[in-house]
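Both complexes below contain chain A, partnered by chain B and then by chain C.
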Partner chain A sequence: MRMSVAPENRPIVIASLFVVVILLAGTAYTLSTAGSAPLLSPNYLLQQLQTGSFLGICAAGMMMVILLGQIDLSIPWTLTAAAMTATAVGGDLALPTALGVGIAVGLLNGFGVAYLRIPSMIFTLGVDTVLRGLMVAQTGGFAPQDTATPIMLFLAKDKLLGIPVAIFVWAGVSLLIALMLTRTGFGRSLYATGSREGAAYLSGIRTKWVIVGAFVISSVCASIAGVLLTGYSAKAYQGMGNAFLLPAIAAVVLGGTHILGGKGRYIGTLIGVVLIVLLNSVLSIMQMPEAGRQIIYGSVIIGMLLVYGRNQRVTS
Partner chain B sequence: MTHKAGWKRWLFQNIGFATALLLLIVLFLTYNILHPRGFSSAVAIQNSNETAAIAFVAMAQTLPVLLGGLDLSVGAVMTLTNCVASELLNGSPWQILFGMFLTLLTGTAFGFMNGCIVVYGRIQPIIATLATGAIAIGLALLIRPKPGGNVDDDLGWALTNSVYDFADTYGLADGGNAWWLRPFADIPVPIMLIVFVAVVAWVPFRRSVTGRTVYAIGSAEGAAYMSGLPIERAKIAAFTLGGFFAACGGLYLAIQTSSGNADIQQAGAYTLNSIAAVVLGGTSLLGGVGSAIGSLVGAMILRVISFYFRILDIDPLLQPLIEGVVLLVAVSFGAFRTLRVKNQLDLFR
Partner chain C sequence: MTEAIVEYRGISKYFAGIRALESVDFACHPGSIHAILGENGAGKSTLIKIMSGVLQPDAGEMLLEGRPVTFPTPHAANDAGIVCMFQELSLVPDLSVADNISISRPPRRFGLIDRRAQVARAEELLAQVRCEDVDPNALVRELSLSRRQMVEIAKAIGRNPKVLILDEATSALTSRDVQTVYDLLADLKTKGVASLFISHRMHEVDALCDTLSVFRNGQHIETFAKGEKSEREIVRLMIGRDVEAHFPPKPAPKPVEERGEELLNIRGLKWGNRLNGIDLSLRRGEIVGLGGLDGQGQKELLLALFGVLRDVDGEFHIGGRKGLPSSPAAAKSGDTRIALVPEDRKTEGLMLGMPIADNLLAASFSKISRGFLIDPARARKAVDEEVERLRIKVGSVADPVMTLSGGNQQKVVIAKWLMTDPDIILLNDPTRGIDVGTKQEIYRLMRELANEGKALLFYSSDYAELIGCCDRVSVLYSGRVVSEQEGDAITEESLVAASLNIGVEAA
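Moving on to the complex of A and B:
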């Protein structure tokens, strides 16, 4: 019997299958070399998901922007700026400060893209550079407080019912985003604007507000990830967000979201993140040197997209 | 049509490029006036050395952008070719020449591969090159796990100084003293190299059917297809030429620094700066408008701005901030377009 899968679910199914393949291949490797199967132990998987939650939250925000056919290159330093400002303020105000930084950066990005109509590719890049400059200027003359506050440590490191709190945060963000995409008018507007902004505008959607909203969500997600990462590494530091930009884009696209906007399901992004996190952990179990990791990483993205990410040929 | 009208039309069509060129001239002249040793060969040599690599990479980025795409692998390809060159540029003159050839071939082949993945794999350029960029970095790390290299000293000296030094090193034109070399003797070699590559590779490409097709695809791919233009060939050619330009950047970087360095951060920085340079040079990220010469100007603007920090007494800690603000303000000038739009719908493209 031939299983039929709706076209929009194909990436999700194939990516899930690949996740299983990675797990099996990794387990086969560890069984043959060490005679154990750490990849299949719940504790190990939870630990991987805990470190994956930072990427997962970044990718969730990035997906909002990619659904519009835009991109947010300011994620690295939004994350860093939120974390560094929050730790500098410290105390009970740390979390609101981080979120405030996220909202402010998102509003700025949204303003540039929606109202000034500057391509997001270059505007968010500029914002990223400015944020980096601000952080260098802020930390250069003196050393502001950079240790994580107790609540950050709790969110990133503690466990609740045997499960890391960070995973709950990731799950919470995921639930909110998934509900928003499928159950609210804003979610619908997001897809409509991403498909064809002109048509969305003519049908009465305030497309500029939608764009601003998406960028705010993206930046707020980055700042939440910044808070968690600060808690996880016990301090905020320059460049802490650099490792998240490209994997976040890759995760969103591997999950079947179209890079030109309008198509994609949140569950796909979730699986994309799990895929990248597991791939990384299997490669580190194999003690693959950085060169091999990069090559495999790139080849996997190309290979997966060749299977299900192909565009229509232009014929008219 | 009178000559003047044609000139005005050119200005209207290339307003972004003309503004960038004017900005560069003003910035550069002011810089040299403020510099205690301004307008000297030494300053020009130093400046052009620091500009050459990013100028080549910006030219490389132009082609995918003209198609309406983006190449996130240019910095990585530059890094890869940089590492290849750091292994090969030594030995006898013929070995060195062959090494250069292999270096350029590596980048060109990588660009060709990008083009094939985009055309036959039908994957969006931005995401395809994100992946191939990782592969390029991986290969670079394989070739050169630690920074270092062995580049011929004479070559490094000759190509990073003035034309006189070049002739002097290789005993050409009476050791650089020939009368016909006099007018050019003080020009830095890197500038000559950039102009040479631009004239030999870019200008003929732009005038060819393939080159014009690249512009047509960026404007309206469907229309280009219906007009019977060679779409697939043009896309592959654009990425291949992009790879070649990136390889020129990597080759020059190896000659300039006498080493190769498979640095992921550096590759990323070059890629992002190349996008900024392309936009500053008047090329539209939507595709179809702009030129590699514009990107050259854009790259020079980026570099000149950073040169100012050396002569003006600015707190080094503020430099990244000022660079960022200048970039953001410069690209925000594109917003003037929105003021001219008469119909809201024209904003959505």
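Moving on to the complex of A and C:
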């Protein structure tokens, strides 16, 4: 049984080509200005993947929700809340605490969307704001412990066989998600529910559980990213998740996942993350001022979607 | 007779090559109340949609007071004095009654809507339909369904119609309001308005109309004055004589003690005001039909049995279980499994954009899995078996299901459910909009499934199918079983008569 069709792979091919174009353009630039090609060195690429793993894990979770035609805007403060609560607890319980926060937020989001039928765009935005308030309240009166535990430092900064451990974590999450999407009943139900919820429900799929499950995966992924990011920056701090929401959505959509749900392959999301990470890095090597970077970054996203749209309507 | 106010000359209309109306000549006259009769799909709706500018005819011409006209939009038809009240109420729930009544042409002052004049106008019209109790400033969503229908009527009258079309306009009214509408129509008749009245209630037609026209299969069969024909003759005109499809032979009826085990027994099933106490029993090896006109509760009954509806009252035994399943997921599992082939295959039966294989497997993930993981070999085998068994014509099962023809799409829906090995199969008009060849395959399949010991409950809007396929038929009328027919007693006449809730003796 082939689980993919050609039109679905087209965005993935285009995004891959664009990754190559970015690398070549960046290399041409560095060759002409400095006479070297740092972009193509394995060390540089591994370092990019290491910093990209935080975004990659967030995007993996976000993809589950987008496959349902929903969105999870609570990623930034779910990530932050998981990280801050985990460091405050500290010790061996730090990691379970982070995951616990993720599961709790995911259950809440899923309950709001699946059972209360509140549009996810509103509900998760509200949850995000509530989490921010809770975190501000937590740090308001006293200073909780915020330093990363040794295991966080290991996961984010150490290397195994010369490869950053964070990349192994990302790879592990990716394998689990890819396997789940293609080879489990839950994964196939996710596509069916995102494709047409009514038909999925009348096929006897427990669509509400599927929705809750997707939001839980999204929040758990955000909390894993929070753990890694804490290790990477050596501490948890307010606003640490702010930079991840829009790039995560962009990576999923650039990877060919249909924003209205039902279609998309996980490999596309991976490539989408790599594309965004490399684009940012090449623009910073070029010493492009911040304003210019934002403009180019945004234009690339819109431009890529237009290219996809020439072949298949993006919104239909 | 006076000159016709609206006249059709050779009007035809096709939908995707299927005729809805063919060379229809038809006329209605000022000062008459004219009933349009026909079965589901006879062309009544198309007829009035063309008159009111919703649809354009493919051939023929329409004359208004002797002059040829075309109505590109409903607005143009309104301007010409043709006002239509459709079955689906056309009120905006979040606007006030007064806003709704004047929605297309509100009274203006200095270019702005004159609210005071609008309310006064609403009050005047509501008084005409004896609904003084309705506050013109109330929101339509706060009104009951019968009040809304009266507001709809007030709105129609406010447009000063020359031709007033009422499509099932009395279906939700209380008997007091029905009387009001009768009086109103009688009053309009004296003022020279032509009313076209579409109703499935023969006694209303009898009480109200002076002229009757019968349609069948998109053709105008006959027009005659009230009293010229008996109800029995009218029913015969509506059915016609030609039977087109061929059905597999039915087994001879067996005495009760030799019949299969009873799988389903329901008593007094009630749901809201749509289902009003249904009794039904279903045995292994039989096909039971649900008859009646569209919208008499058949769809709701099937959904209730499949665990979709909430707050259903009554006494239910399904297999060994008491009570209805709590959800489709519960319905398809357990000892007595239920399957539903839903009404609309494009939105309820299929995920159109997804591959054929995924659609086939959508109800059976647990069957093809080992532990958590789907076994690709089992999945492929299950898909291949069903494609083979139902002879679904596919290029590759990885293609999106929307690339298939309607008949093959419906086969995919049926195959999806056969994969779960159901005991009870509920079918909601499974042959609608598919070609004759596939229809016959489906009839054969249904009989095979019954012979394998499954129980089938089959709703069809086509009487011929019910007669050809079913061992028994229960006819529904406003949420109740009004007639149960068995074996050779199932005839078109008896079904049509029961659908209109006319006593069989009277017909």
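In the analysis below, the second predicted complex is superposed on the first by the 303 of 316 C-alpha atoms of A that agree within 3 Å, B and C clash if a C-alpha of one lies under 4 Å from a C-alpha of the other, contacts with A are read in each partner's own complex, and residues count from 1 in each chain.
Here, contacts are C-beta pairs under 8 Å (C-beta built on N, C-alpha and C of every residue); 3 or more make two chains touch, one makes a residue touch a chain.
Values in this document were obtained by computation on a predicted structure and should not be read as measured data.
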For the three-chain model obtained by superposing on chain A, do chain B and chain C clash or fit?
clash
Which holds for A:299: it touches chain B only (first), chain C only (second), both, or neither?
first
What's your read, chain B or chain C touching more residues of chain A?
B
Name the contact category of A:112: first (chain B only), second (chain C only), both, or neither.
first
Examine A:201 and indicate which partner it touches, taking first as chain B and second as chain C; both and neither are also allowed.
both
Tell me the contact category for A:191 with respect to chain B and chain C: first, second, both or neither.
second
Applying the touch criterion given at the start, work out whether A:183 contacts chain B, chain C, both or neither, answering first, second, both or neither.
second
The clashing stretch of chain C against chain B, among 37-45, 73-81 or 91-99, is 91-99
Across the two complexes, what residues of chain A are contacted by chain B and by chain C?
196, 198, 201-202
In the complex, chain A residues that touch chain B:
71, 73, 112, 115-119, 121-123, 125-134, 136-137, 140-141, 196-198, 201-202, 207, 242, 246, 249-250, 253, 259-260, 289-299, 301-302, 305-306, 309-316
Show which residues of chain C lie in contact with chain A when the two form their complex.
306, 308, 327-329, 331-333, 340, 342, 347-355, 357-358, 361-363, 365-366, 369, 372-374, 376, 379-380, 383, 396-400, 416, 420
Contact footprint of chain A on chain B as seen in their complex:
70, 72, 117, 121-124, 126-128, 130-135, 137-142, 145, 221-222, 225-226, 231, 265, 268, 272, 275-276, 279, 285-286, 317-325, 327-328, 331-332, 334-335, 337-338, 344-345, 347-348
Give the list of chain A residues in touch with chain C in this complex.
1-5, 179, 183-185, 188-189, 191-192, 195-196, 198-206, 262-263
